[in-house]
Amino acid sequence: MYATMKETDSVAAARAFAEYGAQGAEHARLPILEEQICAEAGIWAPEVAGRAARQAGGDIPRAVALLKVWAAALPHVAALPVEPADVCILRRLSSAYSEIPGGQWLGVAPELASRLLDWSDESAHPVAEAPRRHQHEPEHSASDGETGGLISAGASDGETANTAERAGGADAPTRAETPRVRSLLRDVPVAAVPEDSDGHDPALGSPGVSHDRATRTGIMARGETASLVAFAALVLGRRREAVLAEMTTADVTVRVRHPRTGRPCAVAEVPIVEAEAVIDAEVEGRAGFAIGWGASLGSIERRAISLALLDGAMQADGDLEEPLMLDEPTLLGATDGSANNGFVEHLRLPHHASFGSYLSQARTDRNGESQAKADGHGESQAKVDGNGEMT
Amino acid sequence: MSDAPTVASLAAEHGQSEAYAYLDERTKRNVRRALLKALAIPGWQIPFDSREMPVARGWGSGGLQVTLSLVGPTDTVKVIDQGDDSSANASSMRSLISRTSGCAETTVTEEATIIQSRHRIPEIPLRGDQVLVLQVPHPEPLRRVVTNDAVALEHHAERDYTPAWLDLYDDEARHGAPRTGADYPVLVEGTTLMSPSPIPRYDVLRLGNRPHATLLGAGRRARVAALPPFTSVEPLVFDDRPLLAESAAEPCIRCGSIDSYRVQSGGRYQLAAEAGNGPWCCSDVDACRTRRNDP
Amino acid sequence: MNPTSTAQAAAAQSAAAHAPAAGPTAAAQVLPPPPLLSARGLSRRFGPGCDLCIELTGDAGATSRCPACGTVVAVHDVSFDVGAGEVLGIVGESGSGKTTLLSLLHLDTPADAGSMVVDGYGDLLRSRTSDAELRRSAVVMVHQNSLAAGLAPRLAAESNVAERLLRTGCRSFAEARARSQDLLAELGIHPSRHTDPLETFSGGMAQRVQLARALVNPPRVLLLDEPTTGLDPSVQADLLESVQRVTDRLGSATVVVSHDLEVIRILADRVLVIHFGRVVEDGIPEQVFDDPQHPYTQLLVASRLR
């Protein structure tokens, strides 16, 4: 994370943006575009990203480059690992189970907004917006209900209403009191997650040729959105099973040590989207799962889903040694953006019935050795729970 | 039926810029022709001009195009997602269909004339006057074992499914059972290999010899396939290794059924300490409700 | 009957009908059994060709490249018969034409002239059955490099063997498994390794898997291309013994190509020596190796002894 230590002209301008918002500018905000630029540049500064986008004439790669160039000259302060209690969850869903401990929160569901072009007067309609906790700007909170996709799934039928209808308000739960859905996978084999270090911050320089998982995850979190989605769609097309165990969008508080007292001080709140994908894998000769994890700045869910799929495939297939034929159907498929986006994002849909089918197959496994072996997996699962913290 | 609206009368009065049942007539005709061809060659994948739909590709756009090209003003449409009528994606498609075609909607399986479904086959048996439309993500059953579609087509042309048999043999030899859970490949009329869409094995075993037609639409891959009434559909299995349906540990907590397809929920409020997470429930919500009301 | 396998089953039936055909006739008692493979006048050249090609190549010109037009006469007028259970060895140095001859027999390269009659299939060079189909049932090759042989490295060893059975319509898992495992065990692969992925196998073991795959549906003609190249001597001897035992039992006609005279001496019942695309010597191994007639064979044997 970046934090400013010394004022320069560019820093002062950024501070002005941060303090006064975009009200000074008469330009229409495009929040998702700004998020994408921030995520790909690896710095959370949406107002600056908006400025970069305008100066680049809407050319996203150029805007990302402008932002990266600006960020490169800023002083860099190491942030502390994010505490689970500092992760305020605004939206949470699982496609693997209908009900999950802690509950599903659909919140603002961008995928359910209308996909039909609206020809009526533009100024009368709110722009698609990312989920945000509005506690610092209470005058805006009334607009929550108008952002289009705010819904509560299953509400029409009392017995399936499993979703609390709450938009990111002050009572948003934190990661600390919300268990991870992956911990429900106790009686099926799960591929062991390699030991993690803190990882190497890609903003600090080149981390060499071979990366541990944390470093790789950090590098890929800055990946170009369309490329991530294209590769994830390739992976997804060749799996037997892939479901989203859990996806959350959250506002997290970033803390750094106070230079004098050494106490953690909150310096920023950034939105984070995090996903955990469960894909089929062979674990010690048995059918089981690999759990892939991915997170990205902002709230663009397809980025996190793609990252989780790619991470999962790398664990399931030993660093993706699967040969990739660059033949015609692969190329045409990889470049079909709307098909890839739809395909990757469809993991958000419920998969309870098909996931139940794969679970049943993995459980009833396997040459008679099912139960004895399955019992041993509760412990190894508990170890996995520790990682996935943001650094 | 004299007072029922006709397509022409609806078209005359609605006066909207949008076509009847959303799709323009040329697209509907193209989908219908593809469906006729698909019905003529059961299980065979027929390409069609898949349009960009108001649902994302991969979200049921294929099933939606099939339904919209079939629906008329006197139809009653039911849309389910994983067996559930109230899923957000299912309800938005159901309302799009009924709004643009003027047809009725229902959640009751018996009342529906067209049932569009994602990943489940209704457990209440369908009649010959009903049509089942399945949403298909991967129409190519050989996709994992033959990654090139052109080569896969050659295998279909020669009815040579050795790669699929080999994959199955390897699963049986190394794991003692197929590793495929849902989307288990089926042989249609003993000759054509087809993806039945990611329905559970419980449903795969109920696909054959139905009195109704089953239409399968894959929007992202732009293909349709069909099973005419009373088509033989068998899972791809060895003679001495029959396909087993999923097992559920407990009866449905709502209706008490022990032979329905049930899935376990993750538990609502906290992590259950013991193995076994939440309760088991029927995944077909309407069938479960019917069993409760009329035991 | 499963309709997918109709074509293969019909082929198998016709093959079965041909096999005992020698039996019912009374004369069959006296006549030697017909050869499984009968090659006549097989020829292949690469290049435009001219009237002088044949005359100026071979022993006469001490080359296989025609000095007049540059055409390579790779194989010229090769004929032989191989009976059931019989092993024909073909020796020659690199460039002698033995590899081209093998690819003619495996239908990878079309012949310019000649015929190749396989019992039950007729002349393969003029068959209406697809080459791919013939390569699965009539002539099966065990390649020098098991990776090039179309094996699936990620699948279990026994799956690679069973593939041939599945292709010909075997739909009983127990039967496919028993036949694959029995053959693997007979070829010296321990049962504990049958379900291991092929990529975990050493070269010699992978070669055994390839051999088992070739023999699980016993073909009429088995072609072995340098079966022991790249293996260390103890593995070689062991593998050759296995090959001998299995081919004896299954009764296929076997053609083995090698530059290694020792391999040929162990395996072969008869030997062809190929030089500049021609057969220069033909006989039983003892005769050819102990009393070579042709100067080239003498050279070959002498170099081996040094």
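First chain written, first letter: the chains are A, B and C, and each begins at residue 1.
Please note the rule applied: contacts are C-beta pairs under 8 Å (C-beta built on N, C-alpha and C of every residue); 3 or more make two chains touch, one makes a residue touch a chain.
Because the structure is a prediction, the values reported are computed rather than measured.
Participant: Hey, which chain ends up farthest from chain B, C-alpha centres compared?
Facilitator: Greatest centre separation from chain B goes to chain C.
Participant: Going by C-alpha centres, which chain would you call the most central?
Facilitator: B
Participant: By count of C-beta pairs in contact, what is the leading chain pair?
Facilitator: Result of the pairwise contact count: A-B comes out on top.
Participant: Between chain B and chain C, what distance separates the C-alpha centroids? Give it in angstrom.
Facilitator: Comparing mean C-alpha positions, chain C is 50 Å from chain B.
Participant: Measure off the straight-line distance from the CA centroid of chain A to the CA centroid of chain B, and report it in whole Å.
Facilitator: 30
Participant: How many angstrom lie between the centres of chain A and chain C, each centre taken as the mean Cα position?
Facilitator: Computed value for the inter-centroid distance: 58 Å.
Participant: Using the touch definition from the top, which residues of chain B touch two or more other chains?
Facilitator: Chain B, residues with two or more chain partners: 174.
Participant: By residue number and range, which residues of chain C touch two or more other chains?
Facilitator: Chain C, residues with two or more chain partners: not present.
Participant: Would you tell me which residues of chain B are touching chain C in their complex?
Facilitator: 159-162, 165-166, 169-170, 172-174, 190-191, 238-241
Participant: Help me check something: in the complex, which residues belonging to chain A touch chain B?
Facilitator: 94, 96-103, 106, 109, 111-112, 114-116, 151, 153-157, 159-160, 162, 179, 181, 183-184, 186-187, 237-241, 280, 285-287, 325, 327-330, 338-339, 341-346, 349-362, 364-368, 375, 378
Participant: Using the touch definition up top, name the residues of chain C that touch chain B in the complex.
Facilitator: 2-4, 152, 155-156, 158-159, 162-163, 166-167, 171-174, 176-177, 194-195
Participant: Residues of chain B touching chain A in their complex?
Facilitator: It comes out as residues 52-59, 61, 81-89, 91-92, 118-120, 137-138, 143-144, 147-150, 174-183, 198-202, 220, 244, 246-248, 254, 261-271, 275, 277-278, 281, 283, 285.
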